[in-house]
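What follows is subunit A paired twice: with subunit B in the first complex and subunit C in the second.
Up next, the complex of A and B:
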């Protein structure tokens, strides 16, 4: 009963104040009201800040300085030792911070690489249909039929190991999901009235795809970035754990790999540090992804 | 023949090799055993264990350590390694003395002990179950059997392409429907009842070592014919023990062989053996024990618990229990020490090393650079971090316990000294590392490989030398080494037979990659000494030649000599005469229980 009343009220309210806000402006307002989303954003800003500061060497530098004896347990005597030391006596806390740098950069770079590919292939497939669609669908079906981790390993083998190879490896494998979504949306939109109208006033294919349809489906890209980021971070950790990821730099995956041998002697802090750091960033991205979806979905407006 | 990764693990029990050529030197952790003590059990009963289900007792199929050790209780070989003497030296077992060798080193003439009897068994129908005497024809038969292609023995390699005419015999047997044992082989002949001859294609320094392996044990033809396929589950040899119970998955019981020949406990040993009580039983008739109960423990934890409760006499230390059994000072924990348990540490028969690729222009002509890096590499810290201290820093290529090892050797390039290293680096033309491009360094992709790479990188960066670390899977790594695609790598070698030659051949120029000389080291002076040493028999002159070769290597520094691992074995206070021996597989006959200490 109450729900119905509210629905009616807000519907009425909407009519009283016809909105002039854009989808984005509206979404922004709604995000601002969502406390969890705000918390997630602050966490992510913090991670990004840490990553940047590490990148420029302003904090936790140098990470491979020996700060104590091997396997010193965590203590609060100094900031270096807050998460204990590893087998060479280096600060685990610094390694976690530098791991953040690696993880964030991998997430960012792989998103930057995969999103243009996914958007482009998905839109042309959905828009043109026919053989173009067949070709793209065949291509991404083939790519996605190869177990993801195997493909990543293959790519790192071809490109050699290291950070660059990992950006590319994650970039070239991560576009499939976005391409699928974009293709579906384009099929839905291409025969909508506004597109037909654009066509009738002489808009060409390129204009219809990029000026008319794409802005109307672009919120999917934003949502996808948050998902993509998470999976890139997780893949980085897995690849580094397997010895295929970053070389000679601290990474959460490498730290977890170290922990494999340390746990039996009761050294838990390296595992805990890396896992917690990863846990919070992954959780923040996932919750933010949900909030973004809610905020950007026009159907959820009321 | 045997390469190990330089990436050694703490877990010694993981070295239970199951491959043919890995067999000889496996760390003998065939240990401890437990069974409910029955009322009828003799006082002199040993309780030992094996860590894996047994494959069988047929010597030609005894390719893993467990089966090899068990079959060696019933079957014997012509020669054995002396139980106590170190460096390891050969002693006759079924042979009545060491064989006569012809001047060209190709013909070995053996004479057998007289009056050696096979154990009584129903297979000897002519004597209604009484074991007959072992003769020269039995040896010839047994070695042919090892070559029989129908038995697919993985021990064939010890004879392959070595004995005159044996490969042709094997090829013929491969075509025939049944193997013709009566057809003659030129290189394998009995001369009379107790004498026979082996003729080799070419001189071989190792051939006699191979004859100590369980593969080469002597079996009676009657038993093979009588039991057929079931021969695997019987044991009819000349050895000190008779098989009483055989359950390959759970338990084996050996009892004293009443017809065993008169064989005495050795009265000579290595220095320190007398003080350790190892010569207290000198001259007593073997075997000392009446019964051996061998329990099969596939899992380590129950074996360990049995040892702690005194039901097992000898035990290794499972990795997960290492910190509870061994204190940080690398000695026995106080509660085990209070029980009277003895900790026996022995150097394993191996060496880890960092190799300089001498085919690479950076290292080829720059001895100072190699020496500088060698001086900057702190092996003791490495051993603490990666081996819990259970390893000793190597001074040269030859591990302790074998001919050519010099305990007094202190390698001047392996005493960690940063100042001297900096000096030498400047002399090498790279003061402070300036002008030296990052070195290509190969290691394994696993956790330990990566960590050891990080360690090396840290050591060298203190000197101003940077590394580009490449991590590879094992097959990729072997490719890198074979094709000389890196400048440095970490590697290891585990010996095949207890002779310094086995380690020195790693530097012989004709063994360069794709051979085992992974440093691609080439020194005419070394080669000459090596070739000369091959012509020498065991003895002072050969030992001196080995030590001369080691000196050349120490100065030339083609490797950074790494570590020899130590293996840790625990022994109950009542078990006497235990001495680790990686090469004598019939140790049980020497062990004895002191009933006064066993309550």
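Up next, the complex of A and C:
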């Protein structure tokens, strides 16, 4: 019986909208057709895999093993020496792999910290308006008035150096952009018919915000993640250069910082390794962000 | 107009107070008492007392906050821990070098990227457009530090075209030292800027007035360079504000790499020396300048776009 009803419903649905698909289903199909997006996703999966394998110590472990003499140039004879060695004779390739772990964790943790804050503040501001809106807008205007790099420096400086301080610093500075977008979307959506309909069947504020409106604007969160990863990875480099970042572990930032003393000796491979590793992941996020925006933006359809 | 400016000016007060509050909470409440850090392990009780009194750490926190507000208004941030110099004097000395690097760098970047943006928007969809967009995305994906390091290594160290680092305050000589950081800043910023202006200009070309201009028989260059360019001033101004944090970051890294004694170098030195009051003063100052920059753009909008209402 139930199946019958469903069949009838879908048949009716098909008659009205012969090609009706959900936003996500449609976006998925567009992405599948987009070769660049697929390539970017593969690159990102590869980076995530390397990060996980390093985390569990299955590859490039231990990273600080001495594999040759100091500053040995790149040599394709052995996988350890493929990017040469650093001052202490450690493999630059292993350090690049471990840097991947730091970069991915910085992007992930700062997203995990900033997304709930940005989504919550942005949605309540847009939904309720009035003094709640004024307060949230005042708050994010204030936070965004302190240029990002100064706020990052201030927070890491105050919390003490290291990875945790960096996660928090990136998290507390990153929610502003998402909150701004969410607020705008909630203002647009809150008076739409489907929300009014939800209200008329008795949905409360919480249900309307989280069950009805949020799923319709959640693609902005996905787009935001790709932006957030890029800014987190770039910020890690700056903070490590300032000596406020990762301590006692290899990261791309620490490697680029080391390179400033090595270049005058003609040692370019540490800088090249870290920069290239960073280049590909940031490029992948940048291009994927564009593809996601095109795939998920209803304005771009057809 | 004057009423509008005054109202805008008043509307920045809550933001400025908010900035002061956040900076105060960060440095004075979360950061804790830096006295021990300053004096080291061998300080005696009397020394600690003296330093705490000098910097006002023995006062209740609301009083400390008022004291900080007074510092901002009177532009007297006390003395640096590291150099014992008055901070306001350090800042005044750093402004000149910073501005002589960043203002030309910023102007060149903006003029160049608006021109390239217009050009590729004009040739939209053709090979040159695609190539420029790809180059932009590639350029955006490298960290600024890599540009600086490779630039310094290649152009100064290998080719010897520029001094590796240093500074000279007398004028024609100064140019030799700021030229290379300037060029690096322009190259770093081009990727993002060109892409931004291209998109903004393309969005402008879908407007009705462009269709009208074409319909009445204006040639495509006239449509672009007379009508579209003028109307693109709004997104261009918006981007100028977006760029301010980028400028600050650029000043930080470029000044410290090329040994230019500007505000960026002062801040980086302060970070390395754990010089609390200097970092606090710089954070406050930069945030206030940013708010003022925003305000200026809001006022400029009314000049370039008559649709902006003065209500």
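Note that the second predicted complex is superposed on the first by the 284 of 302 C-alpha atoms of A that agree within 3 Å, B and C clash if a C-alpha of one lies under 4 Å from a C-alpha of the other, contacts with A are read in each partner's own complex, and residues count from 1 in each chain.
To be clear about the criterion, a contact is a pair of C-beta atoms (placed from the backbone, for glycine too) under 8 Å apart; a residue touches a chain by one contact, two chains touch by 3 or more.
In this text, all values refer to a predicted model and were calculated from it rather than measured experimentally.
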Touched partner set for A:271, first subunit B, second subunit C, both or neither: second
First (subunit B), second (subunit C), both or neither touched by A:148: second
Touching partner for A:120 - first (subunit B), second (subunit C), both, neither: neither
Subunit B versus subunit C as contact partner of A:128, first or second or both or neither: neither
Partner, of subunit C and subunit B, that touches more residues belonging to subunit A: C
First (subunit B), second (subunit C), both or neither touched by A:24: neither
First (subunit B), second (subunit C), both or neither touched by A:261: first
Contacts of A:286 with subunit B and subunit C, given as first, second, both or neither: second
Contacts of A:243 with subunit B and subunit C, given as first, second, both or neither: both
On subunit A, positions contacted by subunit B and by subunit C: 242-244, 257, 260, 264
Subunit B to subunit A touching residues, read off their complex: 319-320, 323, 384-385, 445-451, 454-455, 457-458, 469-471
Subunit C to subunit A touching residues, read off their complex: 14-15, 18-19, 21-23, 26-27, 30-31, 137-138, 140-146, 149-150, 152-153, 157, 244-245, 248-249, 252-253, 257, 267-268, 271-272, 274, 279-280, 282-283, 286-287, 290-291, 294
Residue numbers on subunit A that touch subunit B, as the complex places them: 64, 70, 87-88, 161, 242-244, 247-248, 254, 257-258, 260-261, 264-265
Touching residues (chain side subunit A, partner subunit C) in the complex: 138-139, 141-143, 145-151, 153-155, 157-159, 234, 237-238, 241-244, 256-257, 259-260, 263-264, 268, 271, 275, 278-280, 282-283, 286-287, 290
